[in-house]
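Below you'll find the structure I mean.
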């Protein structure tokens, strides 16, 4: 086999690679991600009152988020396949913002983290809320999708600095 | 990060979760599932005589069952991804019932069982038989899809009581 | 291009084909399929009382069935991709049988029917009920998965003869 | 077949349905969605300077967004399968915000809109940017995912009121 | 590469797009693609004699090719989703070359062609032959995957010049 | 449970099986596969000059190859799911042949090899090059897709004899 180092990358700037994860060590890993779906007055009220024609918004979004987490490595080109041990997706009604706060928790044991799985769960759950409410209003915004905390892995534990003052937590 | 226990589940009854499997221990696991596709006289005869226009029914169903097993966690919302080490799908012509008895065997090593993979293999193989025979008759019924036995895992070995007297086995 | 008729099929018995649907005419099509999940006393009671640890069984099964219908042509090797216009999955508690009766309705407009989509929805919904109840009992059986009726298409309307006397309907 | 109206929905609040789209008329449809990925100083600079270890961030995100749009109906439970005629995903470097503004345009001809496809393209492209930059910083936020405009369909053309003053547009 | 900061499209050279197909007109379309799997003496003989441990090579490859065709737009980033009306995958034993000649035929009606679907069917069928024979030998080569002919669409009919003299046809 | 050996395979020749991999031992595994896409003069020149209307051919093909590798076990019926630790797809402009040489490298740790993943990456990357160039010419041929080397696993290391003299390497 030719020495890979002699191969010409036709476009060294354009090249992408799925990083080698085999040097990382197995460990328990968790991640928590969050986001917020701004619905406006009417859609917010109708979700809370179970008055959306397509059906139960939050259970549908919860299941979509969990199933979405399992598709993460198929959606994100350079993301590794993590064997997910557990996923939870929760919602909080945020009255002040007329928004639904979405939170996802993922857990695995292995060489790669589950941050992207948690973020994908939040995104897919949020898109599902959008889809179910879009006959009420199209003025819906999905905001502030971010990682709140992670544990395990080479880079150890991490916690978002903004969490203490996040309105979602108060 | 906020204490998860203080988060308000907006609808405690509606909430679903993909259970945390990380406390389970790795072990070899197998499962056998079975089902029966009632074809009626003409379709049964034609499957046996390789006289179905779409082609070889049982090989197609066998492959569909194996591939279906690998999609289990993408189809069943709260099912974990098991790393399948082997899948077999077998068929028996059941003359008395003018039916095809479908059996699937799955094997893995890991923290989660492969019962759902075996049951999914049986279901997808059975639906494939249906699909290939539906130009002959629409009076086809898929019945008695069940787990026959499993080994390994926290709950240990298990065997369906009805197996001894099941017509499929006599 | 060589005349296809002169090509040697190496194994004429083994050959499979996805039939040419292009001569069929566009029409509105619907299908209704049904099945029954025998749960036994405890699991039946607990599903009805929303007392299953994994969460809301029927909503999860409903969503799984709808999403499964959309995967039909990816699961069934020779099945065409139908553009589904609508899917409904319903459940009835069958007290006498301690079973859940599953019903799926599918609708499309195009050259191919949606019978397989309805049957797949029933099967995936039933497997999901199984998955969520399997910590209660493994003695669960999925039975009587069949087509109840279809409308539209070349072969016209069709209704299962057994429907009038089916216990699910009485 | 039983009159569907007499079927008992076991949980009328929990029921979900994929709405019947067959009464809608075929028409050309387009949608534009947008979002913003806040990267912070270092990751923003490195994306712009093509200095991310995993490779070319924006081309990868662009392709992920396009491919994600094609998966929309598999991710969002009650979303119909739209036959997409075209997808574009664009990026703008937003110096003031140290963010990348993501925009997706989708086009189809059929009975269902492509708003969800555009929003999914934006979300998956944004998650991909996140994934490629997360070794630089975990303080990345995906914000303001929303529909900017749509044309065609029963509800006609629609434009987000906020577009005129959005910094992304100025 | 252009300076990203000066453009709406940050990187016109690097940008990719899924071309707008909506101006194309609906028409019947077909495509034929071919390829050749060089197996070497032993594997060639064993495939022909049905003596491969994993099972029936050609039926498995045939089904894999058909199912692969249905995944084309999910595998090829900028490929449109064609509604496939029919797929056939055929094989010819090529004694001289100790190879299996693979041929796929695809058919659709719509705005986009099915050349990529036929080529994908050939590739996936060929990879499946490889997979089933790789315990016999690893010296297997998939060669000459190409389009032989297409009909329909804006660019009309087309036929590969080399077909007349291709050994596969003689 | 009945002794599996007494089950009648209705068609012993037609049966397929996903081999039991559980007796294999975990080990680091790598594979390198290669292929060549013959483009002809004009398409070759235009790929090199970034003058293809659909966009950046090689980056798109690279990402498609990486994502394709992650779909291998879903495409190849009897292939096991390998947990891929890393994938690289590289290209070399082959002036003499007016071709692009495609090379894929895959890495995993587990009981099954990653040869099929490397070959699938090459095939999907090659098909993507085809798709992006097919508006320039339809006379494109994908040739010589083969395994160049593998390491790890029960059968140990292996290297294709032809590599030393392959024009791709000279």
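Labels for the chains are A, B, C, D, E and F, by order of writing; each one numbers its residues from 1.
The rule we apply is simple: a residue touches a chain if its C-beta (ideal position, glycine included) is under 8 Å from a C-beta of that chain, and two chains touch if they have at least 3 such contacts.
Since the structure is predicted, the reported quantities are computational estimates derived from the model, not experimental observations.
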Pair joined by the larger number of C-beta contacts - B-C, B-F: B-C
Chain pair repeating D-F, as identified from A-F, A-C or C-E when over half of the contact pairs by residue number coincide: A-C
Rotation in the CA alignment of subunit A with subunit F, degrees, nearest 5: 120
Chain separated most widely from subunit F, comparing mean CA positions: C
Furthest chain, CA centroid comparison against subunit B: D
Homomeric contact subunit C-subunit D: same or different residue positions, threshold half: different
Distance from subunit D to subunit A - Cα centre to Cα centre, in angstrom: 14
Intercentroid distance (Cα basis), subunit B paired with subunit A, Å: 30
Between subunit E and subunit F, centroid-to-centroid distance (C-alpha), Å: 14
Numbers and ranges of subunit C residues touching at least 2 other chains: 14-19, 56, 59-60, 63-64, 67, 71, 74, 77-78, 83
For the subunit F and subunit A complex, residues of the former touching the latter: 28, 32, 48, 56, 58-59, 62-63, 66-67, 70-71, 83-88, 90-93, 103, 105, 107-109, 148-149, 159, 163, 168-169
Sites on subunit A touched by subunit C in the complex: 56, 59-60, 63-64, 67
Subunit E residues touching subunit F - in the complex, by the definition given at the top: 13-19, 35, 50, 53-56, 59-60, 63-64, 67-68, 71, 74-79, 115-116, 119-120, 123-124, 126-128, 130-132, 134, 138-147, 150, 158, 160-161
Touching residues on subunit D, where the partner in the complex is subunit C: 1-2, 4, 7-11, 14-22, 73-74, 77-78, 80-81, 83, 110-111
